[in-house]
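First comes the structure, then the notes that go with it.
For clarity, chains are labelled A, B, C, D, E and F in written order, and residue numbers in each chain start from 1.
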Amino acid sequence: MALTDLITAFLLLGSLGFFLAGTLGLLRFPDLYCRLHALTKADNLGLGLVVLALMIQSDSWQVVIRLLLIWLLVLVAGATVAHLIARKAQQDGHQPWRR
Amino acid sequence: MELALIFDLILLITLIALAWLLLASSDIFRAVVLFIAFGLLLALAWVRLGAPDVALAEAAIGAGITGALLLVGLGRLGSAEHYRGTRTRLTFLQRLSAPVLIGVMIPSISLILLLELSLHASATPGQQGLVNVLLDVSGTNHGVTAVLMNFRAWDTLLEKGVLLLALISIWSLDQARPLFRQNDISPQLTGLARLLLPIMIIVAGFVLWQGDHAPGGAFQSGAILSAGILLAILVGYTLPTRRQGLSLRLLLAVGFSVFLLVAAATLLSSDYLLKYPDSLAGSLILLLELVATASIAALLAAAVVGGHPPDDLSKPVDRSSAVNGGQT
Amino acid sequence: MSPALLYTGSGIILFSIGLHALLVHRHLLRKILAANIMGSGVFMVFIAMGVHGDSGVADPVPQAMVLTGIVVSLCFTAVAIVLAVRLNKLTGCTTLAVDEESSID
Amino acid sequence: MTELYLGLALILLLTIAIGLVRILRGPTATDRMLAAQLFGTTAVAILLLLGQAAGNSAIWDVALIFALLTAVAAVTFVRRKDIDSTTETEEHDGTD
Amino acid sequence: MSDLILPAILLSSLLPGLIIFTLPEESVRLRTTLNLGGAVVKLLLVALLFFHVAKREYTELRLPLLPDMELVLRADALSLLFLILSAFLWFLTTIYAIGYLEDSPNRSRFFGFFSLCVSATTGIALAGDMVTFVIFYEALTISTYPLVIHRGTPAALHAGRIYLAYTLGGGVVLFIATVWLRAIAGPLDFSPDGVVASLDPALHGSLTIIFALLILSLGVKAALVPLHIWLPSAMIAPAPVSALLHAVAVVKAGAFGIIRVIHDIFGIGFSAELNLLFPLALMAAFTIIYGSIRALSQNDLKRRLAFSTVSQVSYILLGVAMATPLATIGGLVHLVHQGVMKITLFFCAGNLAETLGIHKIDEMDGVGRRMPWTMAAFTVAALGMIGLPPLAGFISKWYLGLGGLAAGQPWVIIVLIGSTLLNASYFLPVLHRIWFVPSRQDWPSSTLRDGRETTWALLIPPLITAMLVVMLGVLAHSVGSALYWVELIATREYGP
Amino acid sequence: MTELIVQQQWFLWMTLLPLGAAVAAFLAPRQAHWIGLVTALLLPLCALAAIAAATLSETQTITAGNWPTPLGIALRSDGLALVMLAVTALVGFIISCYALGYFPVRGHHQSRARYFWPLWLFLWGGCNALFISGDLFNLYVTLELVTLASVALIALEGGKAALAAALRYLFISLLGSLAYLLGVGILYGTYATVDIILLGDMLAATRLNHAAMSLMIAGLVLKSALFPLHFWLPQAHTMAPAPVSAVLSALVVKCAYVILLRLWFEVFPALDTIAIGHLLGLLGSIAIIWGSLMALRQERLKLLIAYSTVAQIGYLFLVFPLAHTETMASAWIGGVLLMMAHACGKAAMFMVAGTIHHTAGSDRISRLAGAGGPIGVLVVVFTLAAGTIIGLPPSGGFFAKWLFINAALVSGQWWYLPIILSGTLLAAAYIARVLGWAFLDVKRSSYPVIPWMMKWPPLVLSIIALLFGLIAYEPVQLALSGAPVSSPVLVEFGP
C-alpha cells in the first residue's frame, strides 16, 4: 500500500469518527440547539476529511478544485442553514435546554 | 463485490423502510421530510445502478424542487395534520387496509419470484450496442442524451409538452400567492443567496455542457437553475413583476415551441418527424437543450410558486400581496 | 441473488407499498407522496432490468425513459399539490371526502 | 482501496439509517429538517466515495448538485409561509 | 330508371321532418308547406314507382353498411302495396293532423316525429332484405314513442312506457333472431322462394326457433294475443296518431314483417314443410276472436276500435298462414282494406272528440244528426268492417274463407263467421245509437261560418277514405284496385 | 395535388398542429378562441388528407427520426389510428364550436375561457399522438399528456366538487398509468424493446409476460373506468364544464381503450388471454347492467349521461371475450365502431345537457317538465343522439351490437345476449325517462335565448350519431386496413 493510500485510509477513518459523532449527537443530544451544534461541526469536518482524502488520491487539479468546491458549498450552505434553523427555532419560541 | 452487495442491501432496506415509515407516518410534515430523505437515498440507488443521469435528475429534483414543492404545499394546506372530522370513524378504505395490503403484496411477491425465475433465463443485451453504433451520427457523444434528444426525441418533445401543460394547469387553478413571510430577511440568507446563485448558474451551465459527452443535460440543468430562481424568490429578490405578461409566457413556452418548430421543420424537409440533418444534428441538439433548460428552469420555479401571475384579465384580487410570489 | 434482481424486487416492493398507501390513506399530500413512491418503484424496475451483466453501465434507453418518467411524475405532483391546496381553501379539508351530494346545482 | 471506500460508504449509509430515528422522533419540525440536512451532507460524502470507488466522476456531479440544492429545501422550510407554529411542538409519536 | 327514386321516397318525408324539428312554433305556414309538400312529393314518387313495378321493372339500391352487410332498398309488388297504402294515408293523415292540432302546443315536435314515423314505415315497405327491414322497423318504434306520449299527461306517459316496453322488447328479440339467422344463413335478401330452404337439415331445429322468435317479435307490433296489451293503452295518443298507428304504421309493420318472413325469408313451402304455419294460424284465429270479444265490452270508442284492430289485423296473418293462393290474397288485400277502413273510423272518432268532446260510446246518442257527414263515413267503414257486401271488408273475408276451404281447413270459416257476428255486435249498437237514439245532449253548435259540422281539414280525409272503402269493394275486380294488385302478387308468389 | 397529399405525413401534422396551437393559445390568451377555432377547422381537413394519403400509399409505419425500430419510436397511420384521428377531428371540431358559445370571450368567465383553449388543444394533440403511437413507452407519455389536460379541464369549473373530482381522477389515472408503466418496464427488461410490432412478434407465453400483461391491462382498465373501477368517472364527467364533459366521455375514455385494443390484438396475441378475457367480459357485463341501472336512478341529466358512459364502456370490454379466432374481426370491428359511434353520440348528449343546463338553469331531469319551445328542441336533439347509446338503427351503436351478438352467437357465448339486450332495454328506459319528463304537460315560463353556437353544433353531431350506421362502411373499411384482424367480418357458422 502506497503512502498516499495510507494517508487516505487514515483520513477516511477520521472522517468516519466525525460522522459517527455527528449522528450520535443528533440522536442523543437533548435539544435542538445542541444537536445543531454537534451536527454541523461534525458533519462538515467529516466531509472535509473525506474530501481531503480523495484529493490526495486525485491526479489532476480539476478534480481537486471540484472536490474543494463541493466541500465549500456544503460548508457554507450548512452553516447558513444551521443558523437560519436556529433563528427560526428561536422565533418559534424554543427554549435552549438547561440542565 | 460482497461489500457492494451489502451496501445495496442496506440501501434498499433503508429505502423500503423509509417508504413504509413515511407513508404510515401520522405526522404529515414528518412524512415530507422523510420523503426528502427518501429522494437522497434514491439518488444513491441510481448511482449504484449505474444510471448517473437519473441520479443527477433525482438529486436536482429530490433535493431541490420536490422538497420545495411539498413544503410550500404543506404550508399552504395550513396545519394539515388533522383530518377534519374524519378521525372518529374509520372509512371503508381504512377498514379495507389490511385486505388491500395483502391483496397488493401477494401479487407483488409472486411477481418478484417470477422475475427471479425469468431473469436468469433471458438476459437480453439491451440497446446499449445499437445506441453506441448510432452515437456517431446522433450529434452528441453521450448515450442518454442521444436517446433523449435524437433517437427518442418524440418522447422528449411530448414530455416538454407535459411540463408546459402542467404549468398551464396550475395557472388555470389558482392565482399566485406569496411564498413566504414578508418580514425579515436575514443578512446571512441574502449572503448565502449571493454566494450560491452564481455557483448555481455556473453549475447549471456545466451540467448542460457536460450532457454532450457525459451524464447531464437540459433537465438536470434546468432543475438546478429553477432551484436558483426559487432561492432568489425566497430571499426576496423581486424579479420584474410588472411586465411579466408575454415575456414570461414566452420564456415558459420557448423550450416546447422550439422543439415543435424543429419537429415541423424536419417533417417538412425530410418527411420524417425529428430527423435532423446530419450536419446540423449537433447544433440543433444544443439549441434544443439551451431553450429547454431556460424553459424548464422557469417552469419548475413557476410550478412551485403555483398559480398564474396577477393580471388585468382576472379579478383584481390581492395584487399587492402577489407581487413577490407572482413572478419567476 | 444478483444486484439487478435485488433492485428490481425492491422496485416492485416500493411500487406495492405506494399502491397500498395510495389506496388506503386519505390525506391528499400523503396520496401524492404515495404516488411518487410508486413511481420511484417503477423507475427502479425500469433501470434495474436494464442492467445486464456486471459492467455497471446501464442501458441508456431505459435511463432516458426514466428521465422522461420522472419529469412527468414531477408534473403530476406539482398539479396535484396545487389542486389539493385549492380544495383545502374551499373546503378546509385535506382529504377527498367532499360530500358527493353537495355538488353544484 | 475500493473496499475501503465502499466500506466507509456502507458505514455512512448505516449512520443515515440510524439517523432516521431523529426524523421519526422529531419532536419538532425543525429537528426533522435538521436531520434531513445532515443526511444531505452524509449523502455527499457517500457519493464522493462511491464516485472514487467506481472511478466515475459523473457521480461527483451528483454530489455537487446535492451540495448546492439541499440548502434550497432548508431555506424553503425556514421561509415558507403559513406554517402554524403550534403544530410544530405537537408530538405525534409512533407510527400508525 | 334512376336508382335515386327509392332514397328520394325516403327523404321526401325524412328531410321535412328534420327541418320541422328546428322550426319555431310560430311558423305555421312553413311547417304546413313542408308537411304537405313532402306528402305530395312522396305520392308522386310512389306513383312513378308504381308504373315501373307494374311493368315488372324492379329497382334496387344497395348501400354497404359493414364489410359484409348492405342496406338494400328494393321495390317489388308487395312493398309497393304497403308503400302506396302508407303514402296515401299519410297524405290524408297529414291534412287531418294539421286540422286536428290547430292550436295545440309543441306542433313542431309532433310533426317532426310524425314525418320520421312515416319515413320509417316507407323504409319498412322498401326494405329489400331482413337487415334493412329490422333497421326501419326499430326506427319506427322509436319515432312513434314520442307521438304516443305527445299529450304529456301522466296517463299518456304511462301508456308510452307500456308501448315502449312491448315494442322495444319485441324489437330486441327480433334483432337477436335476425342476427342469428344472418349468422346461419348469410345475406338475407328477400326473394320469393325464401333464402333458408337450402340450408343443412341439421339447422332446421335452429330455424324453427328463429322462426318462432321472429313471429313472436313481429307479433308484438301486429298485436297478436297476448302481445297486444300496448295497443289499447296507446289509444291515449292524439287521433291522427292512433289512426296512423292502427291503420298504417305500427300494426301493419308487424303484419307486413310476418308476411316478409314467411314469404320471402323462409318461403311458403319451406315454412309449411317445417310445420310452422299452423300454430300461427291458430294464434291468429284466437286473436281474431279474442279481440272481438274484448271490443264488445269497451265503452271508450277508441278502445273499442283498438280491440277491433287487434282482431282485424290477425285476418292478415290468418290469410298468410293458410298458405294457399286464395287465402294469401285475402290476407294481403286485408292489409289495404283494413287500413282504409280503420283509418276512417279513427278519423271519425277524432272528429267526435275534437269537435264535440265525445270519447265514450254512450255519449254518442244521436250524434248522426249533429255530424251527418262524419257519421256517414263512420257507418260505411263500420259496415265494411263487419264485412257487408259489397264493401271492402267483404272482399277480404270472402277470399279468406275461400282460401281456408282450399287449404282444407274449414274451421277457418267458423272463425270468420264468428268474428263477423262479433264485429256486427260491437259495431251495430254504435250505429244504432248514432242514428236512431234521440240526442240527449246539447252539442255545442258549429262555430264555423257556413254551419259545417267541422273544419274541412277534419272532414275531407274521412270522407275520402270512406269513399275508398266503397270503391275498393265495388270495383274490386277492376284494374288498379287493391285486389287486382294482390292477385298479381299471389300469382308471382305461387306461380301462375 | 395527389402528390402533395401523399407526400405529406398528415397524420403527424395532426399531432403537431394542435400542440402548436396550444402553445399559441397560451401565448396569446386574448386570441385563444380564434386559434382554437382555426385549429379545429384545420384538423378535420388534415384528417381527410391523412386518410387520402393512407389510401394512396402503402407505408403505414414510420419511425420518428427514421431510426430503426428497436430504438426509434414507431408512428403508425394504420386503420385504427386513422379512424380515431378522424372521429376525434370531427367531434373535436363540433366541441370547439360549442365551446365558443359556452365560454364567452367576454364576461366574468373569461379567465376560464382563456385556459380552456390551450388545455383542450393540448388534450387534442395528446389524443392524436396517442392514436398514432406504436411504442409502448410513447403511449405512456401521450396518455399522461391527455390525463393531465383532462385533470385541469375537469377542475376548470373551480367548485369544490369539481376540484375533488379532478383530484380523484388524477390519482386514479396516476395509479393506472404507473401500473401500465411497470408492465412496460418488465417487457423492456425482457425484450429490450417497447415497439408494439416487434414485441408482438417476440413475445412468448411466459409467466412473467403474463404478469406484465396483467399489470398493463389492469392499469388501462382503471383508466378506462371499467366496473368496478368506474367510481371516479361519474363525478369527473359531471363536474366539468359541458364541453369538457363531452371531451372526456367521448374521447378521453377511448384513449386508454385504444391502447388496450392495441395491446390485446397486437402485442399479446401469443399469450393466454382467455381467462382475462372472460374476466373483462364479466366486468363489462356488470358494468352494462350496473351503469344502466344507476343511470335510471339519476336525478341529474349529466350524471345520467355519465353513468350511461359507464355502461357503454362495459360494451367495449365485451370485445375481449368475444374475440375468438373466427369472431375476431366481428368483435374488433364492433369495438371500433362502438367507440366511434359512442364518441359522436355521447359528445352530443353532453353538449345538449350543457345547453339545457344553461337554458333551464339546472340539469335536474325534473326541471325538464313541460319543457316546450327551445328546450323541447334540445330534448329532441338529445333523443336523436341517444339513439346510438340505445343501439337504435341506423346508428353505429346498432351495428356494433349486431357485431357483438354475431360474435357471441358464432363463438357460442350465448350468455352475452341477455346482457346486451337488457342493456339496450335499460338504456331505452333511461332515455325514455328523460323524454317523459320533457313531454310532461306543465306550463312553463319563458326561457333565455340560447346562443346558436350552443344549439347547432350538438344538433349536427346528434344527426351524425344517429345516421352513423349508414356511413359506417367507409370508416370500418378504413379501420380494417392494417388491422390485426382480417377474416371476414360476419362469418357464418354451420350446424
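To be clear about the criterion, contacts are C-beta pairs under 8 Å (C-beta built on N, C-alpha and C of every residue); 3 or more make two chains touch, one makes a residue touch a chain.
Model, not experiment: these values are computed from the prediction.
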{"item": "Any chain that touches chain F and chain D", "value": "B"}
{"item": "Shortest contact path, chain C to chain E, counted in steps", "value": "2"}
Contact-linked chain groups that survive once chain F is dropped from view: A, B, C, D | E
{"item": "Chain nearest the overall C-alpha centroid of the shown protein atoms", "value": "F"}
{"item": "Chain separated most widely from chain E, comparing mean CA positions", "value": "A"}
{"item": "Leader among chain pairs (count of C-beta contacts)", "value": "B-C"}
{"item": "Intercentroid distance (Cα basis), chain F paired with chain B, Å", "value": "31"}
{"item": "Mean-CA-position distance for chain D and chain A (Å)", "value": "12"}
{"item": "Centroid spacing, where centroids are CA-atom means, of chain A and chain B in whole angstrom", "value": "28"}
{"item": "Rounded Å distance, chain E centre to chain F centre (Cα mean)", "value": "41"}
{"item": "Junction residues of chain C - those touching two or more other chains", "value": "8, 12, 15, 19, 28, 48-50, 56, 59, 61, 65, 68, 72, 75-76, 79, 83-84, 86"}
{"item": "Residues of chain B engaged with two or more neighbouring chains", "value": "4, 24, 48, 53, 72, 74, 76, 78, 111, 115, 119, 124-127, 131, 147, 151-152, 155, 159, 162, 165-166, 169, 173, 189, 192, 196, 199"}
{"item": "Chain A: positions in contact with at least two other chains", "value": "69, 73, 77, 80, 84, 87"}
{"item": "Pairs of chains satisfying the touch condition", "value": "A-B, A-D, B-C, B-D, B-F, C-F, E-F"}
{"item": "List of chain C residues in touch with chain B within their complex", "value": "1-10, 12-21, 23-30, 32-34, 36-37, 40, 43-44, 47-61, 63-68, 70-72, 74-79, 81-86, 88, 92-95, 97"}
{"item": "Of chain D, residues touching chain A in the complex", "value": "1, 4-5, 8, 11-12, 15, 18-19, 21-22, 28, 30-31, 33-35, 37-38, 40-42, 44-45, 48-49, 52, 57, 60, 63-64, 67-68, 70-71, 74-75, 77-78, 85, 88"}
{"item": "Residues of chain F touching chain B in the complex", "value": "7-9, 12-13, 16, 19-20, 22-23, 26-27, 29-30, 62-68, 70-73, 75, 108, 110-112, 114-115, 118-119, 122, 125-126, 129, 137-138, 141-142, 144-145, 148-149, 151-152, 155-156, 186, 189-193, 206-208, 211"}
{"item": "Complex interface listing, chain D residues touching chain B", "value": "3, 6-7, 9-10, 13-14, 16-17, 20, 23-24, 26, 29, 32-33, 35-36, 39-40, 43, 46-47, 50-51, 56-59, 61-62, 64-66, 68-73, 75-84, 86-88, 90, 92, 94-96"}
{"item": "Residues on chain E engaged by chain F in the complex (per definition of touch)", "value": "18, 21-22, 24-25, 63-69, 71, 105-106, 108-109, 112, 134-136, 138-139, 142, 145-146, 149-154, 156-157, 160-161, 164-165, 168-169, 172, 175-176, 179-180, 182-186, 200, 202-203, 206"}
